[in-house]
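Both complexes shown next keep subunit A, but they swap its partner, so subunit B is in the first and subunit C is in the second.
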Partner chain A sequence: MSEKVEKFESKIKSTSTARANKRMSWLLLAPVLIFFAMMNILPTIWMLGLSFYNYTLTSANGATYAGLSNYFDFVKNEQLSQSVSRTFLFLIIAIICQTFLGILIGVLFWKNDKMPGKRLALTLLFTPMVVTPIATALFWKLILDPTFGVMNYFLTSLGLSKVDFLTSSSLAFPTLIVVDTWMWTPFMALMTLAALGSVPKAELEAASVDKLPIYRQVTTVIWPHAKFILMLGILLRSIDAFKTMDLTYIMTNGGPGDRTELIALSLYRFAFKSFKLGYASAVSVFLLFIAIALTAIYLHVLNARKKAEAQA
Partner chain B sequence: MLGQVFHLVYIGNGTTLLSGNFDFPLTLHAHCLRIPTKDNPTPGCVWGKGVLLSTKTDNNIDRRLFLKGGAIAVAAIPMSGLLAACSKSSDSGSVASDSPLLGSNADNMKGKTIDFAYSRIGGWPPSSAPETQWADFQAYAQANYGYTVNAITFAEAPFGELFQKVAPTLASQSQEFNLLIVDSQWLGALAEPGWIIKADDVIAANPDLDIEPYSSLVTNTYQVYPDGSGVRWGFPQMPDVQGVFLRKDMLEDPKEQAAFKKKTGKDLASTYEVLSEIEYADLVEIIDFFHRPSKGMYGTALMYSKEYDFFSCAYYPFAYSTGGRIWDPATNDVYGILNTPGNAAAMEQFVSLKKYQPKNFAAFGIGDMIDLFTQGKVFSAWQWCAIGKFMSSDKVPADKVISIPIPKWGGKRIGAMGGQPWVINAFNDDDHMRVAIDVLKWWYTKETQDKFILENGGLPWSKEACANPEYQAVGHYVKPFLFMLSEGNSQDFWHLPEYAEMLAVQQEAFNGYATGQVKTAAAALEYAAAKQQQILFKAGRTKTEPPANVDSLKL
Partner chain C sequence: MYDINLKNVTKGFGNLQAVNDITFTIPKSSVTVLLGPSGCGKTTLMRMIAGLETPTSGSIFFDDIDVTRVPTKRRNLGMVFQYPVIYRGTSVKRNLELPLLSEKLSAGEISKRVNDVADLLGISGDLNKMVEELDNGTRQKIAVGRAIARQPQIILFDEPITNIDITAKLELKRSLKEVFSRLSQTIVYVTHDQTEAMTLADQIALMQDGVITQCAPPKEIYEKPKSQFAGWFLGNPGINFIEKEHISVAGSGINSSLFSQTIDAGSHASQVKVLGVRAEAIEVKTTQSPEARSARVVRKSLGIGGQYLLDLEYGSLKVKARVAHQLGREIGDQVWTTITSSDVIMFNEAGVAI
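Let's turn to the complex of A and B:
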């Protein structure tokens, strides 16, 4: 009998402890949840609602319900479609360049443990990544200026003619990709170093003892371990590159014409130049869906990694 | 009922509604007592305690609000009659004796301490000048009205960004900026939502602020919205017109003159009298002569940048002077007016000058004109006269520079107008409203204008000031400035609330043509005209629909 009572008492105790723990966990989570709701969920809902209205800040008329017309306008607008496809082109080329160079640099540092000045070189290598993009854009703009810029000074010193990097309709877009690559290749190098660091040394040593050819080492030992971190790097860069605005805004202002106008810059114009808040919200919703899609892939990769680790 | 002055019962500082069968949005804001009419669609802004604000149209009124509004209106009618009978003010221009629109007097601000804030255009010297003179205003306020202006703060942003900075603060009815220096194109965007006080109402309260301008261009450019209505919203801060700055030392060099004569068989013009009458083709001949890129000297520099209105304003003289127009202010139509063969030819001519310029001409704006000219990189620069004082340096001193009006095209020339007005925040509290009016009164005093023009690079705009020989002698840029400010020599463009959207479309297309993205000037104009027509049609400003293919147009 007393045993039953003890069991019952302990059950009650454990239940009340569990409840208290649950309460405490909610209490601790509350500030974050409130902040998240206030700063994230509510503005998103507001934006979603606004996207169904015609609302221009500078108009005397208030917001009027417009149904899906903002979305139809967005879909019909050829100029905006071009802006979206230009953004994807920018994203794809920039990520390919950055990944390729990042892996190259990462492997270089990984393979040379005893390289003199490695730490200093790594620190310098990562500098572009930590400089604010606005500053990067400004000094590249000055470097590339045909009249006062140092780049053209060197070109003319070498007997070459001056190059108009930022206002030439054929060169402006590739120049932006080069600057973005300069800025973000270190990130991919860092991800490569992290990815290579995740490869167990024992497996590498075994491969070395077995004298596996380099491509076999890569495919059977390095890649299975490194691929998750590398893919995460690529995805993070993709999400970031899709939102690129600072570089284009400062360096070319979307020009010449609209040659370098990426979707984030178009959105900025609608929202903060024309103050067409309803239309800008509709474009934002579209961008949000793309960001969600990229994030879903990111989460999928993360889960795949966890599963692979669990299986191992 | 429409168009009458209302003496309203104070309802509170919130929003309410006067019901009625109006044909257009009823817009009354915090200091409005006048109902807009068809002839005068902008709301009146006579300061008073009657407070009505609504931007609702009839079809948006919900039932509860309608009943509430109706009740207020019913209550207001007898009250208004009563107040009208008691009040001395019986006409639309009259102001109560304690109205803040009168500014300060010896009693109402005495002993107070106040902070004041204004916004200005960054990187634009004329709009920065007031800052250097604020100490004088502080002394003026203390001496005349007995109050202390503790701190005068300012916020600034370049032309393209300042509107973004001030618009959200005004939309939230903030008095973050009590007084604003804005661009003339923004007048509609600021006036229509009721963010600024109507200048006419301030002038009605302070007739001394009704200063006779040098020409009607001043009023039409810096003060009026809607275009051509005569309704004033802004006060001139600094007028501006276009000119061409040339290297006087090069023109006067006997060796150059001999070489020019040998090459062209003509005398090289070097005096203002001759150069101010020059035809475009003759000026280009001189530019061509001095274009020596191998020696680091380019013939000229013009603004082709996509930024703000740089390309547009630089191009307009080419279009205006050859008989072109860019829109019809009466109908708000653009399509068929902007995209004409004449305007296309003018644009081709304008862009053809790129061969005399450094490689990155397509990014040139106001700052580049200053840099290139003062660093001795170009023989000439097409620039705003307002910054004439700053178009010289140690390398190119002022005595080696001559400025002239824009050239003639077949005897005709019309430039674009620039310059900025002051506008007053409609959401100022009483004290700040008084100080804002005081600032304007101080700004237009002879002493302040003397300092502004003689020391800080400012330019005059009133009839009296423009006749002042002391002002005329302040720099070489005053002569062409006064010429271009004369009746008919310059013209402004849209003051519509949609200006930013219209400008962005146009700048993108025009700059695209200059850089080769758009193959022909006609295509760039077609794109801009169709898109602008669409913007104006959607905003309800015109009844003419854009062309059917407008959505499929791309650069």
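Let's turn to the complex of A and C:
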């Protein structure tokens, strides 16, 4: 009988310990969860709600319910659609350039394993990536300045005429892509190095013993292993490039005209220049959906990788 | 087919001397097993033959062609790695075909070779399967198939059975034995497993600390080890060593509490420092006889194949003897043993057989 009682008591004890543990884990998680709710979930819900209202900070009128009119306005706004398509164009060209150059640099570093000073060269190569984008934008603005910039100094020393990179309607957008590429190519080079590092050495050696030509080595050995990390790199860059604002804001402020106005900058203007918060929220919701779509692809790639690894 | 001639081949990695001045010939059309414990330099030596490592000094010749600086692709060899290498996302058939595509063979010839190799390895039924579906044993068979389908002059095997699970291991070993008997190529096989070496080799090159200490057919290397290391490394258990405190030298004869007779060492007697006797060379009886020595059983280990091991004690000398299960002796029992003089191996101070 007493044995039964003991068992029962120990069961109660273990249940109460488990409960206490659970409570403790919630307690420890609470600060992060509260912070996440306050800074992420609530503002997102607030933004979603606001997108259905006409609400301008500078107007004396309060918020008025507007249904889907903000969304209709946004779809109809030609300038904004241009801004969206410009952002996609920026994203596609910049990422193609960064991926191409990144793979090239990554492969060069990978192939020349015994290159003297490799470590120093790698450190230098990755510097642009670690500099704050605002600082990058500022010093590129100075480099490209038509009067004081070193770029024009070199051009004139070579007997060429001065070029106004940031205010020329044909050059501003490509210049922005060049600077973004300068800044983010190292990231793609790093991803390439990581991707190539994930290829098992024995498989590469087997391919060379089996006398596989280089294109077959790439398709049958390197790509099946490297594709996941490379695709993740491209996706991360896409998500990030879609939100590019600091470069355009500092270097061109969207100009000349609206030639370099990307969607994030437009959004900033609606929200914090025109104070049209309802409208800006509708644009934000649109951006949020694009970000979610890109993240979904990212997660899909991650899962595909996990599956492939499980198979191996 | 090629002989592989190594001339003063040395390879160092920083302070570590992995291969130390090896001069050695691997004869053509034979199976040579590089056997040794981990870190003895056997894989490094094979990788240098493959061209995957470059010697720090020395030269490698295929017959009389110096290939020391020739890249792997141009050495015309096949290699099977420890980790079963497959080309992912393709079928077994495609895996076997890939190395043949750069050989400029007709489609008919490629198909014939693929089918022949698949038949030989018993994977004909898997030809259309995707390689990812297969277990490691079959994957390694594909790797073997790729290496032999191209019919290169030399085929290298770098511990191909090590990473395979136990049931597939036996099957793969059997396949390899079958494959080796059919091939006329020069085959070099690296392993740390003496059973594999004994089963597959025409000759075993035993390596220790970056040098080849002995090269001989399996039976010879087992029965006549040239060094204490060879005697210890080969055999399970390794050879029994009778150290100098248990032996006495009188003229050309050597005595020990283990022997009833005097062992004749001729003019080398004074050099003998250690004696070696294999566990199975000790004949154990349960009845006394005039020529037998008395010993006590101090340990009994389970054996396999109807045999087990006894640890026997002759005063302060302990040795292991392999006996038949029927002997029926237990710990503490007395037994009587005899040893034939010709089964005793003599080693000098440096551990070299005399």
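Note that in this section the second predicted complex is superposed on the first by the 280 of 312 C-alpha atoms of A that agree within 3 Å, B and C clash if a C-alpha of one lies under 4 Å from a C-alpha of the other, contacts with A are read in each partner's own complex, and residues count from 1 in each chain.
As a convention for this text, contacts are C-beta pairs under 8 Å (C-beta built on N, C-alpha and C of every residue); 3 or more make two chains touch, one makes a residue touch a chain.
Predicted model, so just to flag it, every value in this text is computed and none were measured.
After superposition onto subunit A, the modelled positions of subunit B and subunit C are compatible, with room for both. In the superposed model, A:L212 lies in contact with subunit C only, and not with subunit B.
In the superposition on chain A, A:T44 makes contact with neither subunit B nor subunit C. Legend: residue contacts after superposition of the two complexes on their common chain; A:K276 is shown touching subunit B, with no touch to subunit C.
One geometric descriptor of the composite model is the angle centred on subunit A: between the Cα centres of subunit B and subunit C it reads 160 degrees, in steps of 10.
Applying the stated contact rule after C-alpha superposition, one finds that A:T127 touches neither subunit B nor subunit C.
Of the two partner chains placed around the shared chain by superposition, subunit B is the only one that A:D164 touches, whereas subunit C remains out of contact. When the two structures are aligned on the shared chain, A:T295 is found in touch with neither subunit B nor subunit C. One of subunit B and subunit C touches more residues of subunit A, and that partner is B.
Overlay on chain A (Cα): least separation between subunit B and subunit C is 50 Å.
Looking at subunit A, you'll find no residue that touches subunit B in one structure and subunit C in the other. Contact residues on subunit B toward subunit A in their complex (touch as defined above): 25, 27, 55-57, 60, 160, 164, 167-168, 171, 188-190, 192-194, 305-307, 358-363, 371-372, 377, 497-498, 500-501, 504, 508-509, 511-518, 539, 551-555. Across the interface of their complex, subunit A is touched by residues 50, 52, 71-73, 77-79, 81-83, 85, 87-90, 98-99, 101-103, 132, 143, 146-147, 150 of subunit C. Within the complex formed with subunit B, the subunit A residues making contact are 56-62, 64, 76-79, 82, 145-148, 162-164, 166-169, 253-259, 261, 269, 272-276. On the side of subunit A, the complex with subunit C involves touching residues 200, 202-203, 205-213, 216, 220-221, 224-225, 311-312.
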